[in-house]
Structure formats: C-alpha cells, structure tokens
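In the part that follows, the structures are each spelled out as structure tokens.
Each of the two complexes below includes chain A, the first together with chain B, the second together with chain C.
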Partner chain A sequence: MSNSPVVKDNSFVEQSARQRIKRLLDKDTMRELISPFERVTSPWLAKQGIVSQFDDGVVIARGKIDGEETVVAAIEGSFQGGSLGEVSGAKIAGALELAVEENAKGNPMSAVLILETGGVRLQEANLGLAAIAEIQSAIISLRKYRPVIALVTGPVGCFGGMSISAALCSYIIMTREGRLGLNGPLVIEQEAGIVEYNASDRPFIWSLIGGKQRFESGLVDSYINDSQKSVREAVVDHLNRGVPSVHRTEKYCDLLEAFLHLDTQDQITPENAQQLLMEGGGHE
Partner chain B sequence: METLHFQRRAQENHVQPTLVGCVGSGDLEVMIEPSDSEFSDIYIQTSTAGSEVRWQQIIDQITPVIPLPAMRMDIHDFAATPGVIRLRIEQALEQATSVGGDKHE
Partner chain C sequence: MNAASKPTINWSTRRDEKHSRMDSLKSIVDGSIIPTEKIKEALECLIKSGDKVVLEGNNQKQADFLSRSLASVNPDIVSQLHMIMPSVGRPEHLDLFEQGIARKLDFSFSGQQSLRIGQLIEDGLLEVGAIHTYIELYARLYVDLTPRVALLAGFKADRAGNIYTGPSTEDTPALIEATAFRDGIVIVQVNEIVDNASDLPRVDIPASWVDYVVQADKPFFIEPLFTRDPRLITDVHVLMGMLAIRGIYERHKVQSLNHGIGFNTAAIELLLPTYGESLGLKGKICRHWTLNPHPTLIPAIESGWVESVHCFGTELGMEEYVAARPDVFFTGKDGSMRSNRAFCQLAGQYAVDMFIGSTLQVDGDGNSSTVTRGRLAGFGGAPNMGHDPGGRRHPSAAWLDMRPNDDLLTKGRKLVVQMVETFQNSTSPTLVEELDALAMARDYKMPLAPVMIYASDVTHVLTEEGIAYLYKAESLDQRRAMIAAVAGVTPIGLKRDPEVTANLRAAGLVAYPEDLGIRRSDATRDLLAAKSIAELQDWSDGLYQPPAKFRSW
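== the complex of A and B ==
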C-alpha cells in the first residue's frame, strides 16, 4: 500500500478501526480484547434480517502509547454507520471500566476513544441507550485518574448520545474531515426543513459542525491534519497534559447563559455561532 | 437474510486464524479458523436473498485455482458483487496460509 497513488499511506481517516489502533499504539504492544475470534456478535441483528459482524463494529485493545499503558476503543464506521448496540456498547463501557479498576489499584491507565458513530443502533434501541449511559458514567469515573481522549477524525463523524460521551472526555481531537454534533444533519433537515438546514450542502454543514469550526468555537482542544503521525503526536501531547483542572462539562452553566439570550429570528451564521460559543465558554 | 453452508474436501492443512474485510455496504468479512476435520466448511450469512447458486459458482471457480485448506470459513456478506467476494476470499486464504503474515487488520 505504501506506493499506492490513490490511498495516502499515512492517512488515518482511510484506515479501518483495527488498523487505526495499531498505528496509534507503540509498535508490537497491541493486544486485542474480546477479539472477533471470540464471536461475540449482536444477538439482535440476525432476528431482524441484518447480517452481523464478528466484532459488532467495535475493536478494543490494550497497549502502550509513548510507553504509557492505554486502552483504546475504535468504532468501525462502515458497519451499520458505527451505531452502538448492546454488544458494541458494552465492549466500550467494559474497556473504560477496566481502566478505572487498574487506576484504582494504583496502575495508571489512560483511554482513547476513536469515534465514528451516529449514536444508538436503532435496531437495539433501549439496550444501546443503556450501554451509552454506562460509557458516559465510566468516562466520568476514569477522567479523575487519567485523561480520556476522544478522536473524531471522520468520515462518519460523531453524533447522538456518543457526541455527549465525546464532550465528557478530558480532551477532544478533531480533523477537518470530522464532524461533531448532537443531531446528524439529515435529522435536523427533517425537523427544521430543507430551507433552514440543507443536509446535502456539504460546505454549509462543515461550516457549522466540522472540526475547524468546533476548534475555533473552543468546543474541542486540538485541530490536526489527517495523518497517522499528527494523530499520534496529538494523542501523546494530550496524555502528557494529564487530568485537566476543570473539565469542559463542568462549565455548562456559562454556555446555557449565552443560549438564553440568543435571538433565533435570524438564521445563525458560522461566525455568529463561533462568537456565541467562545464568549459563552469563557474564552477570550 | 440467508444462511448457507458449503463443504469441500480439504487439500491442505495449515492455516492460521484470519479476518479480512468489513460488513459495510457492498463489502463482506471473511474469517478463517483451523479445523481438525478433512473438510473445508464454508458458512455464509448474506443479505441477498436467492443467491445460493451464485455462491456455489464462486466457490467452484476458486477451488481449482486455490487448494482449500482444512478450515472453518465464515462469511458475512452485505450485498457484495461477485468480484469483491472473490477478492476477499482470496485475500483471506492468502493471509491464512502465509507464514508469519499479518493475522488480521
């Protein structure tokens, strides 16, 4: 692949979930947990006539990043839109809980979540929701000990309940390709109408929820190029920063205040949105 | 969704556990695990109804070219075309029989 003119060999976005973890971890330290050969698949998809996948779309691995013990969970965006069901959700929650237990025993372990997801898998509705709630409470337990880093590189982006999970993390890293938002563009278009929000207008969508806009609005911590090197460097950098003194979600009151005085008569522009979020978030 | 099973007499012995591909639109995953029997067992889950004859033809085209090892092969197919199917199966067999190769990515 290294000489291929089509796929940039150093691209992170182009890689599968398993390849992404392998490239993020120190060489030869990756050990996959609940591997696909254990055949822990979704018990619900086949009943609804949907072909399952051996890892249920989530890869979990332990390893080292810059010599530091880390557990990594990566969602495969190509399988069912990266949606989380009972099994895939429990795998991520279990990985985070493992790190909490290790830290409680005095063995430092950080976590990295590579998020490509539309949120809950609708075919497993309540079980997916419950799993995401478990993921969120595990993030909150773990972030007291060691950084929990969310990576949103695209192409799927991170939406639904998992966008809340990303926001709960100690740090969020995005690329230009990545998108982060509670509701996906198609859902908003359906609710608000195509005149207000055209989901097929790509420049418009990215100008509101893309990585660059999210970074310039102060909602994420790092905006990087799509390369394996810059992803790894950014992750190492944020691991070294340690636990933040104040987590982003602890400052939610300031943002609520800003939204209270927002005039929704006019269509919001990317510039207005940025200004509102920066001021509301207490940034200069 | 359909589940199919094909069995062929195995020609070789040594395979290592292998996984290739992804159950994404137009793609499939192929998993290979060693087996103690004298057969190659191929289990298929496919989203395409009425595709048994086509799968049989694909397997019949591959067997004279690549000797099938004693194994259990599981295929999860999400409407892949015959060309993609053949490439994935060949990729999996190559990885499963290569020495010291990358097990799965």
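== the complex of A and C ==
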C-alpha cells in the first residue's frame, strides 16, 4: 500500500483556472479583478445561441508570489476551448497594461499567463484577433521591466495566436501534458491529410508538440512535473532570474538560417526537429 | 433377446464425419498446424454447408483471422451456416450473411454491428435464432446448439496444439469444451507458434482438446472496452456515487459486487478511497469483486479496499499491474492473469451481493433496456448479473437485508441497482413511458421484447435526484410513485404528487441526498482519488500502461 488513502489534490493540471491562480499566489494574497460578479461577459455568444459565462473564461488576479507583486491571467480551458474573444482578450491585455503602468511608476510588478487555449474565438473573429495583438504588444512593453512567464500545463495546450504570445514571453514553462504549436492537430490533419498527420494518434502528436519535445528542442525554458509545488517553484525560480539579457524572439534570425537548410522531402521526425531547432540557436 | 435380431446402429456418425473431413486435409497440414496461406482451402474442407459453427467473437478478443478467412470461402462450396457467436463485433461477421455463407445466427451481444444486423434481417439475409445472455448461450452449446466446428483465438500455441490464452482466456474454454467433447473440430488461431509446451508461459487449453492451430497473419484484434477516463466524470456522477456508497453500500453492508461499465460506477470506484474512507467503511464494504480489471479500481486496490477480483476478460494496459498484484487477481504460475467469462458470469450471478449498472431506458415500473429503435444490440452479460438467481441458497448480510420479514421460509434477494441520470441528453429522458424495446419487438414480430433487466428483479433505482428503495414497495402503485419521486423532470417524474413523495421520504422508501446527510455542494470532482489517466498510472506505480488512445502525453 504505497499511497496514502487521501485525496490526491496536488495536481496543477486538474485545477480550474481560478484554483490554479489561488495555488500559485502566496496564501491569502489573491484579489480577483473584473470578477464574475461584475458580469463583464461576451456580447456576441448569446447572439449565436451559446451560453456565455460571467468571467468569459478568463480569470485575472493580483497578488504576491514569494512576496513580489504579480498579476496573473488564467484561461479556463473548459469554457469554449479556452478561446479568446473581445472581452476575455481585453481582460488579459488590460492586466498586462496595468503591470506596465505600475512598473512605469516605479512599482515592480511581474506577470504570469496560464494558457489553456486554442487561440482566437471563432465566433468573435476579428475582435479576438485584435485583442491578441494588444496582448502581444503589452507583453513586449512589460518584458523590458519584469519577467512575463507563460505556463502551458495542459490539458488543452496553447495554440493559434496565443502560441505566438507565449513565444514573446520572457520564459515558458511546460509540463508533460502541455502542448504548444501554431496550428492545432486537427487543423493540420485537415490540411496535410490523415496519412501524414493523424490527430488521433496521441503519442505521435505529443512527440512533436508536447512539453518534453518543446523543452528538448530549446523552445521552452523549463520542463516540470504536474504538481502544484513544482509549478510554483518553477515560477518563483524564473521570476528570480529577472529580465533575460536576450529574449527568445530576438534570436529569430538564427532559426530562419537553420530552416533554409531543411530538406522537407521526408517527413520530419521528433529527433530531427530537435536537432534542427537546437542548431538554430534554440539553446541558451 | 436374440443378438442376431438387433439392428446394426452406427453410434459414432459424428466421429466418423469428423475423421473423414480431417482426412481430406492430410495433404495440406503439418501435424496439427494449418499453414497460414492454406486457411481458406482448409476451411472449405473442414466446414460443410448447414454446419453449426461457433466463432469466437468475444466481448474483447476476436478470432478475426479466422472470421476474415471464413468470409472469403466460396459460397458455392460452403453456405447456409448456422453461426453461434457470443459477440458479433466485426464487419466480416455480417459479410458472412451478405454473401450467403451463413444464414442463421444465435448470439448474445452485437454492439457496433447492431444497426447492420437489423438491416440484414429486414433484407431477409439473416435469420436470428435467439438473442441470449452469455451463459445462456454457452449453456445451449451443451444442449441443442452443439457446434460442428469451433473457430477460436489464443496468444500462443506449441506444435502439438497446447494453447496459451492468458489474460484473454474469456469465452474460449466454454466454447471449446462443447465442441471438442462431442466430436466437433476445433481450430485455434494464434499470434505465435512455438516448438514445445515448455516454451509457452503456461497451458490454458490442453492439446488433446484442439485439432488444428494456425498462425494468424496479424495479432488478434482486442479493444480496451472497460477504461473510463476520469477526466470525463462529472460532479453529477460524483453526487450519484456518494448516494450509492451512503444509501446502498453502507446501508446494506455490501461485501461482494459487480459494477457495470460507465462513468457512474467509475466514479464510485474512485470515491472509495476518499469519501468511503471518510465514512470509515474500509474493510466493511466492497471487498470482493467480479469485474474486468478496470483502471479506475487501481486507487481502491492500492489503498487496501479490495481483497479479490475475478475477471471476465482482461483490459489492455492492465497486464503488468495485474501480474504484480497476485493476492488480488487470479493469476497463473507464470504470473499473468487468467480470465474466464463463463465462471465470472456464474460468480456474478450466484455469489455476489449486488449488481449496479446503468442503462439507456427505464420505464415507470422499473423495466430497463439498452435497445433503441432499429438497433439489435443484444444483452451480453448484464441480465445474468442483474437478476435475483432463484437457485441461491447461501446467506449474506446484504442478501438477508432484502427480506421483508425474518420468517424461516422467506428468501433473501440479490441487490440489483439501476443507476441512471434522469436524462441521456437534453432531449432524451432515461425514464420513459414505454421502452423502445417494445416498438422493436412489434417491428420485428419478436415473441418477447428485448428487456435487459426486468422490473421484478430491480431492488433500487438511483438517480441524481435520490434513491428509490423498490424492494420495500408494498404495491405496484407505490412502486411507481417511488420511481416517479426520483425521476426528476422527465415525463414520469413530472406526474408525481409532492405530498406522496414527502410521505415516501418520511417512510424511508425514497431518500434524497439531504435525507442521507449528503450536501449536494460537497459533490465535486475534488473528491475523486484520481482525476486523469495519468493519475491512475501514478497510483499504479507506473505499472498501468494506458493504451495510446487514452494518453495525453
């Protein structure tokens, strides 16, 4: 009887967006901004016969991590696949802009983004796209002052425009179950055909875009297990590292160089992809 | 009597026929081995038109090389077969009928092929003998459905014909015995042929019961049917699980049981180490199980709840875990599990206190069915578990607790619990005025509606609204009122009289969560001992190896 007969509640992945923030912040420091009680909700979903949610699937909170002022935005993957629309996108952009203003006033404030998202909410199309552009612009402003950390733990993963946002962050932390990629597996299967890319072959998908592969390709900074303790420790560790001297996105030229030599005749294997990305300067 | 006047009777026509068919195969076979590429020719020699043929379509493993080969024989040589199949699961099982190779079908379960069976009946290409429960079909093999030929599947054979069926033994022994001991021909497909019996992990079927082995072109098909991903268990399932543990398992001291497949019962399995533990029930309930090795049972096993589990079949991914827990599971000297559907069905019928499972439809009296119009899905094993066997004589606390009085001539009862959400989805109520099974019986002119579990066997109906203790009902009207009291906003539920319901609750005939001390707001997924497949693997110390379709890493 190796396990104690108590609830195993130490998984970060299994928590809702709100619980995730609570577990990440120092005890009793969480203060939710634009909470569900303010009922700032999507004006577009109801018109399309979809039941809206009072937080529009995004939770924003201020609090402290290891004593440091931090704003955290968490996307709820179980609401509309974590998609970002006008309101949910603006909530994240607004949170990041708040941190920019605080830093400009001389009050250090970092940001953590907990990403469970397929990207833009199709029902809100351009408004979602615009919101994601605002998020990206705010990340770039903020990352000069304090670290902006992206956390991709799964089960949804991080895709679409928000995968670009994650790449713009100072640091990316992933778990085994997290996935990170521009297009989701089903979209690629539709484009490339099921023979080349079978979205229901789960081990195959994770071997290409899962947390382990992304870490071993140098595209993310930390690969951790799923416990709440290790998530918090990794976030604290990266906050303490401060602003990186060079951001990953500033090294894009090296990768472009590597891609020029890529032979696409044969289907790329996870090992080949790793090698190529590491040579392209993915490593520190 | 004068010996000379006695007419000469040949008492071994079946044996002679068997030998003559086998003689015609001598040039093809190598001892008892049929070369893989000669299988079609061999089947055309060994099977004659009109034969009764038992084909191992099991619940899980499939003799699919043999079924594909049988579907490729020439219908001018072999036709009009009478197929006997526990489970009709593969497309080629029905190709046999479309091509005229087979004509009549006796079976238990059809699942995925249920719609096509209905169509073939309408087209006049398939005639159903009867739809059975599993042990009922095995039993008929020994009476009026004795096969001429058995087509079966195993993992490994030696050159003499000893077979290793291991964790997937399932139906094989029951099917083979009826054939081998009445001069039928037994053909077993295996994934691998080894030289000697000592090269087999163990012998599950002795060579003297087997006439031929053939190496399959690819390993037999088997599907993980009993894995339920804890991610898909909802708060409602948790509430129903709490009701079951508090209002049934604890109340009646259920020691031994069978769980149906579904998220409801998976939730109960995952609540035992948490909610069950908090009620102090460990060691007091749920000690002995007749159950496939459900991955969701791992946390309960690991925290010491489970003393024994006997299995109908195996579950993919559970092999190493089961082998590492021989105190709990039935395993051979080699360490791997031995399943046996016939024995496990009997155990689930006679030796357990309770069956609990869900269904698609329940009517106002408590009859249930999984039939939906046009689909002839069959029964499988649920009716065996889900009835009170009249031949039971040994008492147990739970069995005796179902008695209305202590008279020495009053029998106890098995607990048969139907655990259903009041709606299947937003438009289909589970509790209905009339089962679709009745419309189907009229459509196909069947003498009997395909009812899964009869009202007279059901002791409890449990929904997210509460529990109806039907075994306590004193009249049919009261029984109907009890079901209506837990039927929510279904048409049946809306007819209930609030005053009658209040009286039923006060009398302890119906219990809502509040009556059992359960707060609905406590019923959240947080109570589950594992919330994902990954957590199940953690509980197993990495021994459980989930199949690819359940992995998210």
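The rule is simple: the second predicted complex is superposed on the first by the 274 of 284 C-alpha atoms of A that agree within 3 Å, B and C clash if a C-alpha of one lies under 4 Å from a C-alpha of the other, contacts with A are read in each partner's own complex, and residues count from 1 in each chain.
Definition applied: a residue touches a chain if its C-beta (ideal position, glycine included) is under 8 Å from a C-beta of that chain, and two chains touch if they have at least 3 such contacts.
Predicted, not measured: the structure shown is a model, and the values here were computed from it.
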- [ ] Considering only the touch criterion stated at the top, classify A:E14 as touching first (chain B), second (chain C), both, or neither.
- [x] second
Open item on the list: On the A-aligned overlay, A:L262 touches which partner chain: chain B = first, chain C = second, or both, or neither?
Closed with: neither
TODO: Would you sort A:P203 into first (chain B), second (chain C), both or neither based on which partner it touches?
DONE: second
Open item on the list: Which chain, chain B or chain C, ends up touching more residues of chain A in the combined arrangement?
Closed with: C
Open item on the list: Under the stated touch criterion, which partner chain does A:A192 make contact with: chain B (first), chain C (second), both, or neither?
Closed with: neither
- [ ] Considering only touches as defined above, state whether A:F79 meets chain B (first), chain C (second), both or neither.
- [x] first
Open item on the list: With both complexes overlaid on chain A, does A:A46 touch chain B (first), chain C (second), both or neither?
Closed with: first
Open item on the list: So in the complex, the part of chain C that touches chain A is made up of which residues?
Closed with: 231, 273-274, 277, 282, 299, 302-304, 525-532, 534-535, 538-539, 541, 548-549, 551-553
- [ ] Could you pull out which chain B residues touch chain A in their complex?
- [x] 1, 17, 19, 22-25, 27, 29, 31, 33, 45-47, 74, 76-78, 104-105
Task: Residue numbers on chain A that touch chain C, as the complex places them - done: 1-9, 11, 13-14, 154-155, 176-177, 200-203, 206, 210-212, 226
TODO: Can you check the complex and tell me which residues of chain A touch chain B?
DONE: 16, 18-19, 22, 36-37, 46, 49-54, 76, 78-80
